[in-house]
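These notes open a run of structures that come right after.
Note that subunit A is present in both complexes that follow, paired respectively with subunit B and with subunit C.
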Partner chain A sequence: MIEVQHLCKTFYVARRGAGFGQALHSLFHKDYEEIRALDDVSFSIQEGEMVGYIGPNGAGKSSTIKILSGILVPDGGSCIINGRVPWQDRISHVREIGVVFGQRTQLWWDVPVMDSYELLRDIYGVPEAIYQENLEELTDLLNLSELLKTPVRQLSLGQRMRCEIAASLLHNPRILFLDEPTIGLDAVSKLAVRKFILRRNQLHHTTVILTTHDMQDIEALTKRIILIGKGKILLDGTLDDIPGSHGNMEQAMADLYRNYGI
Partner chain B sequence: MGGLRLYKRYFLIQVKSAMQYKTSFLLTTIGQFLTSFNVFLGIYFMFQRFHAVEGFTYSEVLLCFSITLMEFSLAEAFFRGFDTFSGIISNGEFDRIMVRPRNEILQVLGSRIELTRIGRFLQAAVLFVYGIMKSHVLWSWDKAVTVLFMLIGGTAVFSGLFLIYAAICFFTLEGLEFMNILTDGAREYGKYPISIYGKRVLQFCTFVIPYALIQYYPICYILEKNSSWWYPFLPLLAILFLIPCLCLWKFGVHHYKSTGSY
Partner chain C sequence: MKKYFSFFRLRFSMGLQYRAAALAGIATQAFWGGLEILMFRAFYRADPLAFPMSLESTSAYIWLQQAFLALFMGWVMENEIFASIQSGNIVYELCRPIGLYRMLFVRSLAYRLSRAVLRCFPILLMAAFLPSPYGIALPPSPAAGMLFLLGMVLGLFVTVAFTMLIYSLTFFTISPAGIRMVALSALEILSGSILPIPFFPKGLQGVLEILPFAAMQNVPLRIYSGDISGNEAIRALSLQAFWLVVLVGTGVILMSRASKKVTLQGG
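Showing the complex of A and B:
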């Protein structure tokens, strides 16, 4: 279903010191640092799988998600999702995926949530009957009925996140990319979101790829984890492959990162 | 659902958003109206002293200016999304656009519909009518069609310039102020028939950026300074300018780097 081979992506980042003199200097001469965000990344994911994609900050997680969702074009390697290359067949590819960026909103800020949903229905061309059915199910499971008439800017983070997740599922995507979906949520919201993702996977067989720093997300949701560090895949297995994973997860992860030197 | 209907939905959601801030909306609209009214006063007072510029009388210049302003306002009303495009890139909104199954240009257009531009548009419309009434032109159907062609071609050329401006943002991640010479500047210079700026400028505006095709040549036809049968069709030729603009845009999208983490 998702077939990724030898993916590479390099960014050139301009570097300069602080201070006015340095700023002036960089106006005429820029030093570029090469950052290999992805360095020969390969993996494959089956339909209906839930995968935790983890790694420290700056490991290349977001780049991978952006390439898989057709936003970025990689420098090398191949990626086939449902028989398509995301960045070449962008429009038909994104019809079948849902993406939640935890730190960014996809809802229209000043209008009630419902208006955003209706615009999304039109963007994806979801037939009215299917839309109503999905909306009912999502409203019910995520407990949204109170929120739909509120402008997005007046929602709390947890409320907004539930609305975001519903927004990315209105068109019945086969694959769901979740980029830190529980960031900044309180305990109740976290549990609700986790429970919902799990149900969605069981009921609709949706493939879920989840990046997170919250180890409890991983424990609760995924059997399989892929660990990435400095642009390379370091581990592709289950939670049991991580030494000490039955004790304190945070500690086990910190030890793991240290062992790999990332 | 067709692109036009979706654009209408975007438009409605923008109206709803704008209505959230009523005072700001009203004041900006009035401000826009007054700004370009100044320009009109500028021409008016100058012609109190001088009665002709390079063989063009006040009423002829007024006609020229009013048509150019109308073209610019039409392009601006629809294509304004591109003017704030550096913002769309730097706040990550473009990532969102890429994961939706619609043409990118349509979505950018839909994301920023500047309703306050109605002020400038109204002003252009008033001046357009005034300019046509004031001009001592004997109107015939072929001249009317020429004006129509000018509006179509002119809107295309200005839209193309907005598109180039946006495409450059893919590489610089920042808007380039010098592009305003070509957009806002063209509107200012467009007050007068291009020929008054000299032969070199006229050549540049004929073969490089086709301002003269949408302004000088057809105006000459309308004012009976040159009655070659093909002059009225030159504005339509200017539409071809959109092709290189679209190519540059496509090239930019392919090299889109996204922002934030990697």
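Showing the complex of A and C:
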């Protein structure tokens, strides 16, 4: 279903030291550093799988998600999802995926959540019957009934995040990319979101790719994990492949990152 | 098509909820229009022969301009769009099955129309009750009225297509402030927002008339006030259509480059 081979992406980042002298110097001469965000990344994911995509900050997780969702064009390598190259066939590709970027919002700020949902319904051309059915299911599972009439600006982070996740699923996507979906959520919301993602996967056989720093998300949701560091895939296996994963997960991850020097 | 219409509807209805801003706008535009007409009256009194338009036409031009300010002013751009391009929030728009250019175009149209609808009627009504030559009368003929409407639509589209270029360029720069200021100042002077184009020196006027800036408010407002008519009006409308095609074409190319080549900022 998702076939990624030898994916590469390099960014050029302007760097300079702090201070006025350095700022002045960079007026005339800018130093660019090459950052290999993705360096020969390959993996494949089957339909209905739930995969945790983990790694330290700046490892290349978000870049991968952006390439898989057709937003970013890689410098090299190939990626086939449902028989399509995401960035070449963007419009038909994005019809079949749902994306949640935990740090951003897709809802219209000054209007009730419902208005954003109806816009999404029209953008994806979801038939009314299916839309109603999905909306009911999502409202029920994510406990949204109180929130739908509230303007987005007046929602708390956790409330908004639940609305964001529902927004990404209104069009029945076959694949769901979740980029840190539980960032900043309280315990109750976290549990609700996890339970919901599991249900969705069981009921609709939705393929889920999840990036997170919360190891409990990974424990609760995914069997398979892919570890990326400095743009390279370091481990593709299960939680059991991580030494010490049955004790303190945070500690185990920190040790793992240290061992790999990332 | 339906998706763009829904988009339009949401942005439009959202624009309608800012009532206090509309009231403030109406007051500002009414005063501004009044002051401008007083200024032109002083010029007119000094030497009516040196005055390139009739005072009636000038007044009609000014009142229409103030009433429909939101349709044609360059600075009616959405900070939210600039912010979402700069912060990278625009990624969400890119993972929708819609064209980014068309979506932003429709959004800008809706934004301008929602602002204009709230503001235009009180100003037009007030101007209609002012005594001639300081108010606004019906257009010279029904035909001129039709040409005026056509010119309004084309002018609005050309204005939006121009601002789309600024949005597109924002993808390539760290801060859009510079481009925005230069482009919008040029627009303001060259489109006849500050001074109608007939008031410029003769030689300069010939150049200004063929620039894209003259294809915005200049054409419909001068058709309405009777300053241009007949073949001259048809020629001006064709030039508007020409610039619309050129600006949209350039914008589409820029935008597709922008979304392909550009790094999306902020993780």
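Observations
The working rule: the second predicted complex is superposed on the first by the 262 of 262 C-alpha atoms of A that agree within 3 Å, B and C clash if a C-alpha of one lies under 4 Å from a C-alpha of the other, contacts with A are read in each partner's own complex, and residues count from 1 in each chain.
By our rule, a contact is a pair of C-beta atoms (placed from the backbone, for glycine too) under 8 Å apart; a residue touches a chain by one contact, two chains touch by 3 or more.
What you are looking at is a predicted structure, and each value in this text was computed from that prediction instead of being measured.
Aligning the two structures on subunit A places subunit B and subunit C in clashing positions.
In the superposed pair of complexes, A:125 makes contact with subunit B and with subunit C alike.
In the overlay built on the shared chain, the residue A:117 is in contact with neither subunit B nor subunit C. Residue contacts after overlaying the shared chain place A:35 against subunit B, while subunit C stays out of touching range. Of the two partner chains placed by the overlay, subunit B and subunit C both lie in contact with A:72.
Legend: residue contacts after superposition of the two complexes on their common chain; A:60 is shown touching subunit B, with no touch to subunit C. By the document's definition of touching, both partners, subunit B and subunit C, reach A:95. Contacts of A:196 after superposition on the shared chain: neither subunit B nor subunit C is touched. Comparing the two interfaces of subunit A, the one with subunit B and the one with subunit C have residues 11, 62, 66, 69-73, 90-92, 94-95, 97, 99, 101, 103-104, 106, 108-111, 115-116, 118-119, 122-125 in common. Those residues of subunit C lying in contact with subunit A across their complex are 2-3, 5-7, 10, 13-14, 17, 80, 87-89, 91-92, 94-99, 259-261, 263-264, 266-267. The part of subunit A that touches subunit C in the complex is made up of residues 11, 62, 66, 69-73, 87, 90-92, 94-95, 97, 99, 101, 103-106, 108-111, 115-116, 118-119, 122-125. Only residues 1, 5-6, 9-10, 13, 16-17, 20-21, 92, 95-96, 98-103, 254-258, 260-262 of subunit B touch subunit A when the two sit together in their complex.
By the touch rule above, subunit A contacts subunit B in their complex via residues 9, 11, 35, 37, 57-58, 60-63, 66, 69-73, 90-92, 94-95, 97, 99, 101, 103-104, 106, 108-111, 115-116, 118-119, 122-125, 151.
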